[in-house]
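As written, the chains take the letters A, B, C, D, E and F, and residue 1 is the first residue of each chain.
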Amino acid sequence: MDYGLGYRITRLDPEPAPWRSPLQALPIAVHRQAAGRYPHPPARVQEKSGFIPNVFLTLAYRPDEFRAFFAYHDALMEKDGGLTKAEREMIVVATSSANQCLYCVIAHGAILRIRAKNPLIADQIAVNYRKADITPRQRAMLDFAMKVAIEAHRISEADFAAVTAHGFSHDDIWDIAAIAAFFALSNRMANVTGMRANDEFYLMGRLPK
Amino acid sequence: MDYGLGYRITRLDPEPAPWRSPLQALPIAVHRQAAGRYPHPPARVQEKSGFIPNVFLTLAYRPDEFRAFFAYHDALMEKDGGLTKAEREMIVVATSSANQCLYCVIAHGAILRIRAKNPLIADQIAVNYRKADITPRQRAMLDFAMKVAIEAHRISEADFAAVTAHGFSHDDIWDIAAIAAFFALSNRMANVTGMRANDEFYLMGRLPK
Amino acid sequence: MDYGLGYRITRLDPEPAPWRSPLQALPIAVHRQAAGRYPHPPARVQEKSGFIPNVFLTLAYRPDEFRAFFAYHDALMEKDGGLTKAEREMIVVATSSANQCLYCVIAHGAILRIRAKNPLIADQIAVNYRKADITPRQRAMLDFAMKVAIEAHRISEADFAAVTAHGFSHDDIWDIAAIAAFFALSNRMANVTGMRANDEFYLMGRLPK
Amino acid sequence: MDYGLGYRITRLDPEPAPWRSPLQALPIAVHRQAAGRYPHPPARVQEKSGFIPNVFLTLAYRPDEFRAFFAYHDALMEKDGGLTKAEREMIVVATSSANQCLYCVIAHGAILRIRAKNPLIADQIAVNYRKADITPRQRAMLDFAMKVAIEAHRISEADFAAVTAHGFSHDDIWDIAAIAAFFALSNRMANVTGMRANDEFYLMGRLPK
Amino acid sequence: MDYGLGYRITRLDPEPAPWRSPLQALPIAVHRQAAGRYPHPPARVQEKSGFIPNVFLTLAYRPDEFRAFFAYHDALMEKDGGLTKAEREMIVVATSSANQCLYCVIAHGAILRIRAKNPLIADQIAVNYRKADITPRQRAMLDFAMKVAIEAHRISEADFAAVTAHGFSHDDIWDIAAIAAFFALSNRMANVTGMRANDEFYLMGRLPK
Amino acid sequence: MDYGLGYRITRLDPEPAPWRSPLQALPIAVHRQAAGRYPHPPARVQEKSGFIPNVFLTLAYRPDEFRAFFAYHDALMEKDGGLTKAEREMIVVATSSANQCLYCVIAHGAILRIRAKNPLIADQIAVNYRKADITPRQRAMLDFAMKVAIEAHRISEADFAAVTAHGFSHDDIWDIAAIAAFFALSNRMANVTGMRANDEFYLMGRLPK
């Protein structure tokens, strides 16, 4: 596999036998070609990054769900406001790591590195966000997001107070919660479909432009 | 509050003080009126049931997310196929109960009673689906759905084998997983926004027509 | 099955196959008849409600345990004092739901609706007591009860302070703890014996008299 | 404190400050004297062991609950049958250790040592029953009891099959479950009331007669 | 087995069948003899207590790991300072009980009884250190140690503040953490190798000299 | 900070405020200089990689523990045999990720990439080893290691059978368990001391030589 970086990945073992979700037996391949023809967003993404992220190829199997998924995703992630785009990706990486979602941690880790212009932050947040090089405000944001991801039924007055104390508005809190909630969905679909992260994501944002 | 059943609910206490999510302070009321004007789906729902479920009123605060949410919902819930509509609602009730989501258990419990034409099934599944009056096939379906809801990262070959043994196709399994995943999102939004179940839901489907 | 309400329950499936505890193979039926002859309490209960709750029929298999069980139950539940009878039932419903006990949630949910004269409260407490329409004092009571139910070994000074702050006396706290403890026993027996909730309970207290 | 063994216990610290349950502030002392006058069972116990176990003194505060508690206890523990008395105590020690109940592990550990005529078995079962010197049949018995203690709502066909394979009858299984359930109650009461184990229990059954 | 105490242990069952780790099939016996010849520490220990603790015999199978293990152990346990030797053993007993390590709870329970000159303290800490007869300072020490043992990734400023408030220095905190961490290793090795506690430990420190 | 790669890391925020362990206030700096003078192993490591990993600098504060730690580490990690060096690092990365240890996942992730000559494998194992590109034999090895890391007290015959079926010898199993156990120690020390991963580790092994 050529990264355009002058080297090829060699796998650990001549015959690796990772888990493959039985859902990969669905006629996803056919739909993958269809997905390649979606005017938006894969084409746009492909143009920018040179490859189509597997999330497009996998979810394209169900066009109606595909459209709803990306409409929801873009409504939450493709805007600025109280949260920067980098901060939105922080929420994705932290909660997806708690859910052990390979695709989301690797792919959104790459996007986080790029948006934060920081090659270290994604790995730090994925392993233990409490020890990452983030501000106290971002720490509070991630504490709230993690509670939504793991035990939303216990969210209480005190949790709201903790983020409000850092200046987050109610609209910001909606965003934090909604991103954590949306990736609760996304992580589960990726885990059940056995969605692989494209090899290209692993190195993205680690080297200077 | 008049149920049209000739009696009024009296609350336990003259001044109940339940938790109210701070997000209810958002100008949701204004949007609630807007939601009342959405041609679809609240109007359709209101026409059938005589009231607008609070999920429409709450999520209407964010129109883009609203549209994506219901498009996703309808793509998963408003079809038959390998799973009946009643079985889809079983998945919602079981996983929403695991997530302690008041709105979803009460509202979808009502829908399940109606779709299954069974006044007992929703409460049984909400409390302990392992003891509910369901078929072994439905039990296997719910076992898979619960694993997606709670620990999707551990889904393995054996889990697929267990549902396949009951005749579920890969498309059916996608549905089971996607419904559990979608309500992972929905439950979290309802819990953070403190979404109340409309009083009308509690009795729906419990009495003969 | 005729409820005396003019309609019959139809089950979801022509041949439902729920889990039946192997303990139902014990000669419980014989003892069920014996239970029907117990002067107290089944007869009294039957007279009031028109049916014998299954907890009497199942536990009657062991007369000594039966007598101790109901003596303990009545000592805790059949009195007023710092806690109303409705509040005592709230503790039962909340902790039994945490223990996923079908019999106790359904049967005591019915009793709670009747004692609180509130058709909504039992379902709310069963799903997530933190979101139920209860007073802050009742919330504190249930927080303490849930800690006894789930991790009594961690009960500390701070937990006592939280309930004392709401005016609960030491005698009240004993009651809260003892009810949660007694249903820890009851829930386990119901789960192991596969005790079904009588169909009549599901609708009790939901309609105006 | 004189054990009648020719030595006195010296505590670790001149002013130990262990946790004392606020419930110890109840007028339990008065009732303790009353308990000393109960013809049965404290007197009988005192006669045999030379002291009154604290469980009698503490629970005597509530005479009705006291009588029901010991009636239930004796119905389960004071008989032989499919389970020996030593095996019944094994269930108490294993499940009480899982519930971190100081009184029950220490007091019933002593009784287990005496009934099994084995000075090591109680400590082994308290720390990790999977590594204790017990038979495979006893291991199966404790696996079932622990599941009742910790997650009775998941008890299934397979759990019954595992104990039935070792020759346990349905009546034996009822006993296993009922003992685990009864001590679920007992452990919670002991933890909330801060019931201390009498110093005498620690050494009982460790020395040859 | 003769304890030198004038009595012999009789096991519960003529043919006990406890779990034996398959690792006991390693040629550990040979190495056990070698261990008997190690000038230090088994010889020293044997001289003092009359037997060689099984941890020496088991780990001797791997001489390099053996030497590192005991060098580490002695660096942490064989010194006084901010923590007494008895307090160091308290940490071992509390965290080893949380890890259900039979060898460590029994063997270090014995050492704790001797070092604290208190026959009750080890059992109390093993069952529920929150109810043990220890000082508030020791309680804070154990709270910190337990957090290191169970969820070190959540250790935060507040945890440090709680122990610092009781006068523990940073060096003391390092000791608390390092002992909990070292026995995290030790407990796991004992559990996997199925290391038995020598019978002699059970009674040590329970009787006056 | 210059990586020798022609670019400098810019942090996400002008004034990042990550958590700093209070233990960093110890006079570790002084000992860091001392560590620089240890003939072995820091000097050797520094020569090879151009920097001193922070684990040497932090643990050097306690020379005796330092020596025991690295003697233990080298006895387990610096040999081949039934497990390759890459496989040993897999165990470190998987279990350290379960323990959310930032230093160990980042540093040993780098070593794993180098030893496996595979730039993707470390991130895959850190996020969800069940989905990583490894052989079934390696999957079984990590299942065993994870059980040792998380619940060693439940290790049973069946766990041994599962790894033995893949050809692991008892000596190999000792290695798997001992590595998981050693990093149980290491992860806890890194988390409590707030050990940072050197920035250099993040990119190591991701680019072709």
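To be clear about the criterion, a contact is a pair of C-beta atoms (placed from the backbone, for glycine too) under 8 Å apart; a residue touches a chain by one contact, two chains touch by 3 or more.
Here the structure is a predicted model, which means the values were calculated and not measured.
Asker: Using the contact definition stated above, find the chains touching both chain B and chain E.
Answerer: Looking at chain E and chain B together, the chains touching each of them are A, C, D, F.
Asker: Using the touch definition from the top, list the chains contacting both chain E and chain F.
Answerer: Correct list: A, D.
Asker: Could you grab the centroid distance between chain A and chain E? Build each centroid from C-alpha atoms only and quote it in angstrom.
Answerer: The separation of the two C-alpha centroids amounts to 44 Å.
Asker: Measuring from the mean C-alpha position of chain C to the mean C-alpha position of chain F, what distance in angstrom results?
Answerer: Centres of chain C and chain F (C-alpha means) sit 51 Å apart.
Asker: Report the inter-chain centroid distance for chain D and chain E in whole angstrom, where each centroid is the mean of the CA atoms.
Answerer: Once rounded, the distance between the two centres reads 26 Å.
Asker: Show the residues in chain D shared as contacts by 2 or more other chains, in ascending order.
Answerer: In chain D, the residues touching two or more other chains are 19, 100-101, 128, 130, 153, 156, 191.
Asker: Examine which chains touch each other and state the graph shape they make (line, ring, star, complete, other).
Answerer: other
Asker: If two chains touch, include that pair; go through all of them.
Answerer: Every pair of chains in contact is listed here: A-B, A-C, A-E, A-F, B-C, B-D, B-F, C-D, C-E, D-E, D-F, E-F.
Asker: If you look only at chain E, which of its residues touch chain A in the complex?
Answerer: Where chain E meets chain A, its residues are 153-154, 156.
Asker: State the interface residues of chain E toward chain F in the complex, per the touch definition above.
Answerer: Within the complex, chain E contacts chain F at residues 19, 21-23, 25-26, 61-62, 64-65, 67-69, 71-72, 75-76, 99-101, 148-149, 152-153, 155-157, 160, 164, 170-171, 173-174, 177-178, 180-182, 184-189, 191-193.
Asker: With touch defined as at the start, can you tell me which chain D residues reach chain E in the complex?
Answerer: Within the complex, chain D touches chain E at residues 5-7, 9-13, 15-19, 86, 97, 100-102, 105-106, 116-121, 123-124, 126-128, 130-136, 138-139, 191, 194, 196, 199, 202-203, 206-208.
Asker: With touch defined as at the start, can you tell me which chain A residues reach chain E in the complex?
Answerer: 128, 130
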